[in-house]
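All chains are identified by letter, namely A, B, C and D, in their written order; residue positions are counted from 1 within each chain.
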Amino acid sequence: MKKRNWKRIIINTIISLIIPVGMFLIFAVLSKGRTATVKMFVTTFRQSIIPIIICWGLMLNMSVGMMNFSAGAMMLCAGILGGNLAQMTGTGIPGVLVFCLLVTLVEGAITGFLYNKMRVPCMVLTIGMMMIWESFPKLIFSSGVNLPSSMTLLARSPYCFILLGVMFVVFHMLYNKTAFGHNLRAIGNNQAIANSVGLDSDKIKFASFVFGAIFLGIAATLYVSERGELRNVQFMASMTIMMDGFMGMFLALFLSKYCNMSVAVIIGSFSMKMLSNGFVAIGLSARTRDIMQGLLLLVLLTISANAGVFERIKTNKAFAKSADDEYRKIQQTGKSIQ
Amino acid sequence: MLKKMKKCMAFLLILCMAVTATACGGNTDNSAAVNENTASSTDANKNTDTDTNTGSETDENAASGEELPRFKILFAYQQYEDKLGGEFKSAIQYLCDAYNCEAVFYESGSGDTAVGNLESVLTAGDIDGLISVGFDTARMEVASKYNVPVVLACGFPSVEAEVSGITSYDLFLGGVTDSDYRAGYRAMESLYEAGCRQVTYSGLSAGFAKSHDDRTKGVMDFLEANPDMILLADSYTMGKASEDIPTFNASFPEIEGMAFTSMSDALYNAIESEDLADGSVKIAGVDISSKTGEFFERGIQVWGCGGQYGTAMVSWAILYNYLIDGTRIISDTTTPIERDYLEITTYEEFEDFVKYVGVSLPVYDAEEIKELIHYFNPDITYEGYLSHAENYTLQDIIERHGDKIND
Amino acid sequence: MDNSAAITRESEENQRIQQDLDRKAKSKNLLNIIIPYIGLGFLFVFFIIVTQGKFISTINIENLITQSFSLTIIAIGASFVYAHGGTDFSIGATCGCAQLVCGLLIVSGYPLWIAIAACILVTILGASATAGIALGLGVPVFIGSMCVRTTFNGILQYVAESGEVVIDYKQYMFMNSTYLKVIILVVFLAVGYYLFNYTVFGKYNKAIGGNPVTAVQAGVKHKKLIFAAYVALGLCVGVAAVFTLFRTGKVTGTTGSGVEFNMMMAIALGGFPMRGGERSRLSAAIVGAVTITVLANGLQLWGLDPATINCVKGVLFVLIVALSYDRSDGKLIS
Amino acid sequence: MGKELLLSAQGVCKAFGPTRALIDVDVDIMRGEVRGLIGENGSGKSTFSSITAGALKADTGKFTLKGNAYSPQNMVEAQSGGVSMIIQETGVIPGINVSSNIFAGRLDRFTKMGFLDWKKCHKAANEALDKIGAPEIRGEMMIDSLNFEDKKIVEIARAMSSDPDLLIIDETTTALAAKGRQLIYNLIKQMREANKSILFISHDLDELMSVCDTITVLRDGVIIDTLDKENMSIELMRDLMVGRELVGSYYREDFDGSSSDEVVLEARQISLRPYFKNIDLTLHKGEILGLGGLSDCGMHEIGKVLFGFEKTLTGEVVLTEKGKKVDSTTTAVTHSIAYVSKDRDKESIILNSSIQSNIVLPSLRRFSRFLGFIPRKSESGLTSAQIDQMRIKCRNGKQLVKELSGGNKQKVVFSKWLGTEADILILDCPTRGIDVGVKADMYKLMMQLKKQGKSIIMISEEQLELIGMSDRIMLLKDGSVTKELMRSKDLNEREVINYII
C-alpha cells in the first residue's frame, strides 16, 4: 500500500514537472544559456508571484465553475484606492496592504451579493462589474496613484517571497484542509446533488468570492507597490492584468490531476512567465514573439490536455491483443473438440 | 422569483441614480452643456475649478471675453487618464474659458468605434469645430457630413492615400504635429552619444497612436543608420513596459541603454528595483514624470522631452481663426506645421521645465495666443506660425511669461 | 388533464384553485416572452429622456443602424456557436487579420470581389482553426481560441508595424451606404433565423448544448456540427470585417481588437444562455448586439465626461442583465 | 410496540406551476411502523417524500414530528430532526471521497479550529458503513471508483449516519440488484426492532406486500386509500393506484421462444476494456434477446458497443442484411437501431428542453426536407401522436422534461425511439423505476414490436423480467457469457441467479 503510493507520487511529480523543466531546457539551449542563469530564474519567479496569487484567487471561483472577469479591475481599483487612502492616512506600507485588502473584500462581497440576488452567470455579472470597478476610481482619483519609493518595499526581493509563502499556506489550508474547500469541490462537481443533500451553495459561493478577494487584495498590494504608480485604465483594459493569471490557471487545471492544486498553480503560472521571458532571451523580435508564443502555448496545452492518452491507447491495444489470443485458443479447442 | 427581481432592480436603480448624479453634478462643464436640468449646479463648480486652474483667467474675460461669440469646441483624444491627456484637457479648457468658448472632451476610441463615437458626439451637440489627436479620412467624412471644421493635433498621417484622402475635404484646416520621428531619433542618438551600444526599446502596440508609431520609426531608422548600435530586445505591449525591464535585465546583463516611447514612474521604479540605477545603464525617453529630475540628477537619464500640449494650443488657434473670421492659416493642408519637443538633457533644464511647463499657466497664455489669431492680429501669417513653431523652447517660454510665474 | 384527475378534483374549491394556478402560469409565460426586451426598452426611454429626444432623431437612427451593423452580423453567427455551449475569443484578431489581407489586396490593385472573398476566407480559416483545436486536440475551446487569438494578433502586428494599410476611402464610399447594409442585415437575419429555428443545423446545435451525450446517442455527428457552427461564425465575422474596413478606410495594429468582448457582452446582455441549449434564442443575441450599440451611442449622445461614461455603462449593463436575464436555472447557475 | 405517533402530515398541498402534485394529503406514521407508499408515476409519492425529507417545501399544510411542529429548510435540518431519505436517482457527488459524500453538508462537525480532521471523519464514515453491513466500502475511497450499486449503498450510509427515527426509501430497491436489496431489507428489520419507522416507496408490489405493515395509495396527488396487512392484495393495490381494471398478467403468456432464423444484428468477438472480452452475439428478426447479470458484469457496456456509442477493441458489430458495420451512433440510427440507456437523466434525455424537442431529436434527419428544412407540422404531429399513444402525463409538448416524473421521462425516451420506427431496439433496463401501469404498457409494447417483426435486446437486472419477456437469455458474469437459456415454462429465478453470481 505505502510502497505503491510512493511510486505514484514519484510518477506524478515527474509528470507535473515535465512541462517547466522541458521548457527550461529548450530555452536554455536556444538562448545559448542566457535563461539558465540564477538571475533569470529568480527574476522569472518574482515576476510570476502576482500571477500566481491572482490565479489562486480565481481558482476558488473556478472550482465552482465561476469565471471572474472582474478580477483585474478589482485589483486596479483596490490598488488606486488603497494606495491613495494609505497616503492620506499616512499609514505607510501596512496601510497599503490593509486598504487594498479592505477594498477587494468589499468588492468581492458586493459581487457575491449581486450574484446570489440576480442569479445570472458569473461570467455575465463580472463583465458588468469589471466596467464598474474599472471606472469607479476615476471618479475619485482621476490621476490614479503615485506611491513614494518608501512605500513600495513589499514588492522588493525578500518581502514579496514572504508574502507568496504566506499566501501559499493560506490557500493550501483553505483548499485542502477546511470544510469550505471540500464543500467548494462538492458543489463544483455536481451542484444539483450538492444542493439536494443540503449544502448551502449560496453561502459557499459568496464565501468563495470573499476568500478570492483576499488573494486579489494581496495581488493588488504587490501590483501597486511593484509599479509605484497606477493609472486609471480604459474600458476592458484591466483584462490584460489577469490574462497571464488566467493562462496559468488553465495549465494548473490540467496539472492538478497529478499534483496538488496549490502547487499546480505555481508550476502553471511559472511556466507561463518562463515562456514569455524565454522568447525575449532568445532574441526574437517582439512581433515574431507574439506569434511563437501563441503557437507554443497551444502545443503546451495540447500536451497537458492529452496527458495519459498514449498509455490509454497502449493498454487498450494490450487488452485487444490478449482478447485476440484467448479467442484464437477457444477457436482451436472448439475445432479440436469437433 | 419576481419579488427577488424587484428587490435587485431597486438596488441597482439606486446605484444607477447615484452614479448619474455624480456624472451630472460633480463633473466638468460639458455635461452641463448637454442637459440644462443640471446646468446650474455645474456652472457653480465650473467657476470654482477654473479659478483654481488659472490665476489670470478672469481679467482675460474682462479684457476681451464678453463680446466674443460663444463657440463649442470639441476635443478628441484616446484617453484622458494619462498625463498628456490631463495636460491637453486643462490647456484647451484654459483657452476656451479665456475666449468665451465651450470645451467638450471625448475619448475618440479606435477602429469603427472611433467613427461611431464621432457620429454620436456630433449628433449630440451643435459642435462648431473639432480638434482631434490623430485623425483619418473616415472620420473626416463624418465631420464634413456634420459640416464641422477639423484641425489635427499630434500624429499627422504619413501614408499617401490617407493624406490625400483627408486633405481632399474643404473643412480640413490642416494639422499641427510634434516631430515625433525626430524625438525617437534623438532619444537613440543621445544614448549613442552617451556611449551606449547595446540597447533595448519599449514602445506601444502599433496602431494605438500615430505619434508613438512615428517615434518607433525614428528609433529604428537611427539603428539602421548606426549598425554598431545593437537592439538587444524590444517590446510593444501596452502597459507592460515596466514588467519587461526585469526580463530584459535578466536575459541581457550587457545592456547599456534603454529607450522608452513614454516614460512613467512605473518605469523608473522598475529600473530602481532592478538595481539598474547605479549608472551602468543610461535611459532616454519621451514624457516627463515626477521622478525624471532625480534620474537626470544621478546622471542615469541622458535625454527626455515633453511639452506636446503646446501643439494642441496652436491647433486651437488655427481652428479659432477659422471660426471667428474664416481665416485659413494653412493653405496647403497636406503638410502639417511641425513643432519640436521641449528637449531636456540636464537637471537644470528639468527644473525649468517643471517650473514653466508643468504648472497652472500653460506654455502659451491667452495673450500670446491672441498674436496667432488674425481677428486680433491681422498681420499673422502661415510663416508667422512657422517661426512661432521654430522658437518653441524652454528659453522662449521663460522670456515670454517667466515673470508671470511666481516661485 | 386525464379523466382520473376529474374524478378526484371535482370539488368546488379545487376547481377554483386549479383555475387561478393556470392563470398564474399564463401570465408568467407572457412575462417570459417580453422580459428579454425590457432592458432594451428601458434604455430607449432612459436615453430619449436624458438626450431630450436627440436619441431618436432620424439621423441618429441611421447612425444606430450603421453602428450596430457589424456586431449584429457577428451576433447572428455567434449564436450558433453559443447555442452548443461554445465560445470564441479569437474573432477580434482574425477580424483584424482579415481586414489586413483585404486591405493589402485592394491596395495592390486586385479587384474588389477577390479582396472580399479573401477577407471572408481568412476569418473562416481562423474560426476553423479554433474549432479544430477544440475538437481535434481536446483543448477547451475557451483557451484554445486564446492561443489562436495571440497568434493572429502577432501576425497583424507583424505586418502593421511596417505601416498602416490605407485604402482609397472615397472610391469605396458605396460600401458605406445604409441601404446596402440594411439589405445585407435583413438577408442575414432571415437566413440566420431560418437556420436557427427551422433546420437540423440549428436544432442539433441546441441539442448538443442541452446534453451532448443524448445528442450523440440520437445519432448527431456532433463534431461535424460544431465545426459547421464555427464556420458560420467565421463567415459572419468575415462579412463584418469587410464592412468595417470600408467604414474605417484603414488597417492598423489595433484593428479588430475588442470585437470578441463586444460579442460576449452582446450575448450576455441579450440573455442568451451561456451554456446554450434549448433556451438559446437568436433574437436574444440580436437584442444584445443592438443593446450594446444603443449603450455606446446613447452615452456619447448624453455627453457625459469620459471618465463617467464607462462607470454608467457598467451600471446600466448590470441593470439590464438584472432586468432581462432568464433566471429559470435558479441556484444551479454558475 | 407502543402505537405512539411519530410523524403526522395534515392537509399538505404542493403545486409545480399549474400542475398540482399534492392535494390535502394527510398521513400519520406510527413508531415502529413500516409504511408503504404506492401510486403511479407522477401520483406525488416522490413529492410527498421529498417534502417530508426537506428537499422540497410544501405550499400549505403542516407537519408534526414527535409531537412538535416540523418544517425543515433542507435535508440536513431534516436529518438532524431525525428524518432522512434515500433518493430515487443516483445522488452521490462525484470527484470526492466516500466520507465527504456521507457527511456532505455536515463536514463542519469534523473541523478542529477550522481545519478538517480526516481521521475522525473517515472513522465515523466507516462506522456508518459497517453499521449497514457494507464493510467492503471504506471512507477514504474515491466515490468514482465505486460502481452504481455501491454508490447507492453510500447513499444509504449517508441516510443512516444520523440514525434517523424515520427513514424514507424512495424507489431505491428497483435500482438495486440482489445484494443491495438484501442490505435494505436487513436495515428495515433493524429499524423496526429499534421501534423506528420507515416510509417505503416502491413499484414492486410483491416486495411491498412482504415488507410493509400498512400501505397508502396515492393517485394523482390525492390519497385514495390506506390498506393494512389484512386487506392488502396485489390486485386491489393495482386497481386502486391505476384507477382502472388491469386485465390479464403482466408478462407475456406464450412460451414459444422460437423466432425466425434470419439474423439482423451480429456481434463478432467484441471487447471493451475493462468490461468484457470476446463476446459473440446474434440477434434474430422478431426476437427478444435478454441480457442478464449483475449490474457490473459488463452487459450495459455491451449495449453501448452494439449501438456504436463505444468502439469495440476487437471484432465488429454488423447489420447482417445490409452488411453494414456499426461504427458510430450515426450509422446505428440511420440504419434504424434504437438505444435506451440505463442512466436516463444523464444520457437519454435533455432535461432542460421541451418534450417535443426530445421526442423529435432522433427523427429530425428523417423529417429534414430541402436544405435541411424541418416542417413544424411533422414535429408537433409526431409529438402529439406519441404523447397520446404513450399516455405521457404533461400539459403539452412544450413542457420541460425536467418537470416530469420518472416514469413519464422514461415514456418520453421510449416515444423518441418509437418515432424513428427502428427495427432493432436495444433497451437497457427499460422498466427501471417505473410503476406497474407503465410497466404493463411497456411489456405490451414490446410484444407488439415483436409481432411487427422488430428485434429487441433487453438488458435487465431483474431476473423475473428476463424470464417473463425474452425468447432467449444470455447470462453474463464478469464480462463473459456464462449461459444461454431458451424460453421455457419451467425457467425460474433460482436457476438464473446461479449463473450470474
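In the analysis below, a contact is a pair of C-beta atoms (placed from the backbone, for glycine too) under 8 Å apart; a residue touches a chain by one contact, two chains touch by 3 or more.
Quick caveat, the model's predicted, so the values are computed rather than measured.
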Shared interface partners, meaning chains that touch chain B and chain C: A
Which chain has its C-alpha centroid at the greatest distance from the C-alpha centroid of chain B? D
With contacts defined as at the top, give the pair, C-D or A-C, that has more of them. A-C
Inter-chain centre distance, chain A versus chain D - centres from mean C-alpha coordinates, in Å: 41
Need the CA-centroid distance for the pair chain A / chain C, whole Å please. 29
Approximate Å spacing (C-alpha centroids) for the pair chain A, chain B: 38
Check: chain C positions touching at least 2 other chains come out as 157, 161, 258, 307-309, 311, 315, 318, 322, 327, 330
Where in chain B do residues touch two or more of the other chains? 8, 22, 79, 81, 107, 236
Expected list for chain A, residues touching two or more other chains, is 114, 118-119, 138-139, 142, 232, 234, 286, 289
Of all possible chain pairs, which ones touch? A-B, A-C, A-D, B-C, C-D
If you look only at chain D, which of its residues touch chain A in the complex? 54-55, 74-77, 79, 87, 91-96, 100, 104-108, 110-111, 114-116, 158, 269, 271, 273-274, 277-278, 313-314
Please name which positions on chain B make contact with chain C in the complex. 1-2, 5, 8-9, 12-13, 15-16, 19-20, 22-24, 27-28, 30-31, 33-35, 79-81, 104-107, 110-117, 119-121, 123-125, 136-138, 141, 157-159, 161-162, 165, 168, 205-208, 213, 216, 236
Residue numbers on chain A that touch chain C, as the complex places them: 64-66, 114, 118-125, 127-136, 138-139, 142, 191-192, 195, 201-202, 232, 234-236, 239, 246-247, 250, 286-295, 297-298, 301-302, 305-306
Which residues of chain A touch chain D in their complex? 173, 177-179, 182-183, 185-186, 188-190, 193-194, 196-200, 315-316, 319-320, 322-324, 326-327, 330
Interface residues, chain C side, partner chain A - complex: 133, 137-140, 142-144, 146-155, 157-158, 161, 258, 261, 264-265, 268, 274, 307-311, 313-315, 317-318, 321-322, 325, 327, 329-334
